[in-house]
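Report on the following structure.
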Amino acid sequence: MARIRQFEIAAERLQASGILESSLHLSIGQEAVAAGVCDALRRSDLITTTHRGHGHCIAKGGELAPMMGELFAKGGGYCGGKSGSMHIADPASGILGANAIVGAGIPIALGAALAFQQRGTDGVAVAFFGEGAVAEGVFHESLNIAALWALPIVFVCENNGYAEMTPVSVHLASADVAAFGAPYGIPASGVDGNDVLAVRQAAQQAVSAARNGAGPALLEARTYRWRGHYQGDPETYRTREEVEQWRERDPLRRLRAVLPGAADRFDDLDQQAMRLVNTAVDEVRGWPGTEAAALTEHVYATSA
Amino acid sequence: MKSLKYWQSINLALLEEMRRDERVIVFGEDVGLPGGPFGATRGLQKEFGAGRVRDTPISEAAIVGMALGSSMSGLRPVVEIMFMDFITLAMDQLVNQAAKAAYMSDGSYAAPMVVRTLAGTHLKSGPQHSQALEAWVAAVPGLKVVWPSTPADARSLLKAAIRDPGPVVVIESASLYTSRGEVDVDADEVAVIGAAAVRRSGDAVTLVSWGAATVRTLAAAAMLADDGIEAAVIDARSLGPIDHAAIRASVRRTGHLVVVQDATGPCSVGSEIIATAASSYFDDLTAAPLLLCPPFAPVPSTPGLQDSYFPSPGAIAAQVRKQVSRRAEKE
Amino acid sequence: MARIRQFEIAAERLQASGILESSLHLSIGQEAVAAGVCDALRRSDLITTTHRGHGHCIAKGGELAPMMGELFAKGGGYCGGKSGSMHIADPASGILGANAIVGAGIPIALGAALAFQQRGTDGVAVAFFGEGAVAEGVFHESLNIAALWALPIVFVCENNGYAEMTPVSVHLASADVAAFGAPYGIPASGVDGNDVLAVRQAAQQAVSAARNGAGPALLEARTYRWRGHYQGDPETYRTREEVEQWRERDPLRRLRAVLPGAADRFDDLDQQAMRLVNTAVDEVRGWPGTEAAALTEHVYATSA
Amino acid sequence: MKSLKYWQSINLALLEEMRRDERVIVFGEDVGLPGGPFGATRGLQKEFGAGRVRDTPISEAAIVGMALGSSMSGLRPVVEIMFMDFITLAMDQLVNQAAKAAYMSDGSYAAPMVVRTLAGTHLKSGPQHSQALEAWVAAVPGLKVVWPSTPADARSLLKAAIRDPGPVVVIESASLYTSRGEVDVDADEVAVIGAAAVRRSGDAVTLVSWGAATVRTLAAAAMLADDGIEAAVIDARSLGPIDHAAIRASVRRTGHLVVVQDATGPCSVGSEIIATAASSYFDDLTAAPLLLCPPFAPVPSTPGLQDSYFPSPGAIAAQVRKQVSRRAEKE
């Protein structure tokens, strides 16, 4: 969590000061979901995520330098600097890809789960998505197929209360995303998404069931984004008080509070995360930018 | 006359049409209280209420399907698909349903609906937020497609689309949203869908473009004029149907046809314009026509690469110089 | 019901004997759903339906001659003979259209409901669809919006146990289509789709609630198609016994049985239906075919 | 050599590829036990089991999305979208996701997946079951697109598609499903995607076509031969990419280019072929090229009208006669 937080704070700062050109959708305040879920995963498990996916990628094992490099559009970024913040992908750490289309990562993760099952491995796929994606039909199509075929997938909905500028009450006719599992007989649970231990516990249960052939699960993590939808968002759709209330529930501070005597270790972790991020930023800024030739490279795969 | 930004003209057109005709309703993602991601629907919900201006869930297929159903039932919906890349999620409703509603019912039904959507060059948001997919919709019988390049056209084409008895896709250039232009706000200017606009006249070469590419083409034409090359610049404005007559009229004088677009080449509107020239007025061409367009690749997010991806004024001017000198050789 | 039955039997016979060229998806055995639901509707209410939509169109008030004319590709058909069996549409009787794309009629009906609501009328829209359409995302997108906006729409699912050659157990992870209403708080009920009185009662309740501003409802009618998916279907996916069992539950005969002393009246109705259909067929066969010029007419609407 | 029907060749290719490579899996609507709506997947589930050959729900977007995800994770999925009209429901997954998977990841991922789909002239099933939408996919960087017109090609192109490292759309002509042809079943024939086939040579005019239209074009060429006009017939086979070199080689000899297609005209593959000819080998053309295609209208169900909708051998021959006489006048 500390690493995610520091990564995004750094990106935010760099962008605000004009050093980083990338547009950013930050998950600050939501880190417990990424950390708690990915802690239940193996490196060989596969995830898909969204426009707000830095946290999931870091928690899954994505390295800071190539991630930051991608934001900086450097040739050494995870996507050669061609795709940016919304498209981090890395086979080595099991990141099938972040995605700029709401809901689109869900059936892709489903395909990964199909591959795990068909190849006879015990891998698990996780689709991270915001509650906004629940309104996209492909989410429901995917639930149905996952249930029919008992695929090893965990659907993780980060319900942060808003889709862009629209509150969930305006875009979803259900107070409860977990409810969407029921018609398909998919075990579903809601969890406090700012409590990393609770998230981890729920994820472990869902992941190990999926790994053992029990089929899919749906996990709704209720959380909140501290920043705007994107950096620059005027945020007219919510009050400062609301944001403040949620800042009180900072997942990092909460973890400190429940792990007694851990304050020192946490300070160390924060420091270490900050150092790692700073090192990555320094390193990456020295990298060469994406070369002009990259523009037309890899339009077609050359091997698979 | 008043100086307005492109987005303000869209906003004004919506406002005026909603005042004029209470059947006009607006819905889409974030179009209500937030006024749209880039302001185009600002203030509408305040004036017309949450019934006529509705925030929808992120459900592109249902949005377009509802537009169709409501347009067949007495309303005049104007819906927003935030980026044209997202129209991929609504192609059944747009192409199998809306485009064919009049034909399939042999004219008993009409579908007076508008789909507004942002396309093309954008703020480096990458491969899934920058595509110019105008050819897909221009290829569909039953759909009309327009793409304004000026604030005045943003207003008059949108008004025309709203008043059209059938489905019209209005493509807007995100990169032009804050560009300014004079708009005759006192006149109820309604464009004719299907008519191109000659933005600059010239006898040396005919440049055809639309949307944001038009602005870069005009900049190229200014550079060329400095070199003594007078290029005609035609803003196609309507891509479905295309005003081939206007293009031909210019080519007849210049003999040279150059199309500049932000979409990739194959099976594009540029291909169509050139194919029509070759098929229908071959003898007016004194040299091979030319299509200036991005390389056949997705749009990268990379700031540096985006600039070499889309045809820039400098690149356009350079290519046109070559084109014109080719004639010189031939003659 | 009698009229629907006779219409389809006639179409079947005409096609089998080579007189009618149209491809056909018959609803024989499912007539109670069409009749029961449409009995709860006004002429000014609006419906959308599917490839298997003859029954809904006739029950909604579609006339036999222009319907049959459309099958025969006659200029006097409902669509000028240009669109055929899967595309019947008629503003006069409130048929927005049958549809050859599974699920596609659902959001169109939703739009009609939006128009009713927005125009301040008390009209109701009905979307008819098969259980196969439940797997299409747009169904769920439509449920959500209907609930959010309390639109006057009734979603009527005809669950006939199969989508083409695939049984519902293979394509839907829920034994119960009505269950899909729950997450959205949409009142839903399942009904014996071969019992026209039960269907009507359920429909009346749903329609009058929608008419009175109570919002959408979902109705699942369980039924069975006696014929193949299309005429010519080898039907290898089901047993003769299964078909026979369902023929026992013939909705027409069941209605006779529950309305005591009605046998004579029913015989009359059957006779009358047969006569009407025959008259329509005779009339229509004399009509001129669709003219060549129609090919390019009405590609664009000329007024609206 | 063995005489096979088009659908049998597809079936054979699937069978052979599944035997060869256990990563190949097949899924789609009714492809399992029923063996597909027209038999193309018959017997596969029996041989390979319900794991490798799966019946899906009617969920086109999820089908293509799963194809992508599984292809990125070690499988080689071949999925079926029953009719190309239904691809409208899967365009996001196909175009925004699969086509861009390699590019967006800068080559770290590949998406070796195949989407099979039926298109074009069909059994009078009307406007939503008959569209030829090849241009939409041919226009997309990252997708390959093939369309066989013979049983032998149905096998060899599908094999090539399955072995290709990226996403390939294989379009099949429903109207050719029961057509017969010789197939070298003992050889493991794998086509080269991107290579056209010269079906008939001739020096009078170059006819280019693909899919079911090729068969009608060949019939037209036979009629023309009776009149002493020797037409070259090129079966494009691959529409993404298009083998412009093969077309040019023929046009260089004939000077005449006629494209025959079952898709409507604007922004089509035919437009692209003609535009490329005009742009790249203008001087090889001795007369205006010609596009023979349906009128700009949806496909009616009407038996009588469908025949005048799609270019028939007679209509093709008549137009080509005119085209060739045009040269005569010019010369």
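To keep things simple, chains are lettered A, B, C and D as they appear, and every chain counts its residues starting from 1.
Note that a contact is a pair of C-beta atoms (placed from the backbone, for glycine too) under 8 Å apart; a residue touches a chain by one contact, two chains touch by 3 or more.
Just so it is clear, the model here is predicted, and its values are computed rather than measured.
Novice: Identify the chains adjacent to both subunit B and subunit C in the sense defined at the top.
Specialist: Touches both subunit B and subunit C: A, D.
Novice: Identify the chain pair with more contacting C-beta pairs: C-D or A-D.
Specialist: Result of the comparison of C-D and A-D: A-D.
Novice: What's the farthest chain from subunit B if centres are computed as the mean of the Cα atoms?
Specialist: Comparing chain centres, C lies farthest from subunit B.
Novice: On a C-alpha centroid basis, what's the spacing between subunit B and subunit D, in Å?
Specialist: Here subunit B and subunit D have centroids separated by 30 Å.
Novice: What is the distance in Å between the mean C-alpha positions of subunit A and subunit C?
Specialist: The separation of the two C-alpha centroids amounts to 44 Å.
Novice: Hey, how far is the Cα centre of subunit C from the one of subunit D, in Å?
Specialist: The mean C-alpha positions of subunit C and subunit D differ by 35 Å.
Novice: Please tell me the distance, in whole Å, between the geometric centres of subunit A and subunit D computed from their C-alpha atoms.
Specialist: 39
Novice: Where in subunit B do residues touch two or more of the other chains?
Specialist: If we look for residues of subunit B contacting two or more partner chains, we find 56-57, 59, 61-62, 85-86, 89, 92, 96, 103-104, 126-128, 141-142, 296-298.
Novice: Counting only residues that touch at least two other chains, what does the list for subunit C look like?
Specialist: 81-83, 87, 99, 101, 135-138, 141, 144-145, 148, 170-172, 294, 299
Novice: What kind of graph do the touching chains make: line, ring, star, complete, other?
Specialist: Contact pattern: complete, every chain touching every other.
Novice: Any idea which subunit B residues touch subunit C in the complex?
Specialist: 25, 51-52, 54, 56-57, 59, 61-62, 64-75, 77, 92-93, 96-97, 101-112, 141-142, 144, 165-166
Novice: Note which residues of subunit D are touching subunit B in the complex, please.
Specialist: That would be residues 61, 85-86, 88-89, 91-92, 94-96, 99-100, 103-104, 126-128, 135-136, 138-139, 141-142, 240, 242, 264-272, 274-280, 282-283, 285, 287-291, 296-298 of subunit D.
Novice: What residues on subunit D touch subunit C, complex-wise?
Specialist: 29-30, 32-34, 37, 55-62, 85-86, 89, 123-129, 295-298, 300-305, 308-309
Novice: Looking at the complex, which residues from subunit A come into contact with subunit D?
Specialist: Result: residues 46, 48, 78-83, 87, 89-91, 96-97, 99, 101, 104, 106-119, 125, 137-138, 141-142, 144-145, 148-149, 294, 297-304 of subunit A touch subunit D.
Novice: List the residues on subunit A that touch subunit B in their complex, please.
Specialist: Going through subunit A, the ones touching subunit B are 21-23, 73, 81-87, 99-103, 132-133, 135-137, 163-166, 170-172, 236-237, 289-290, 292, 294-296, 299.
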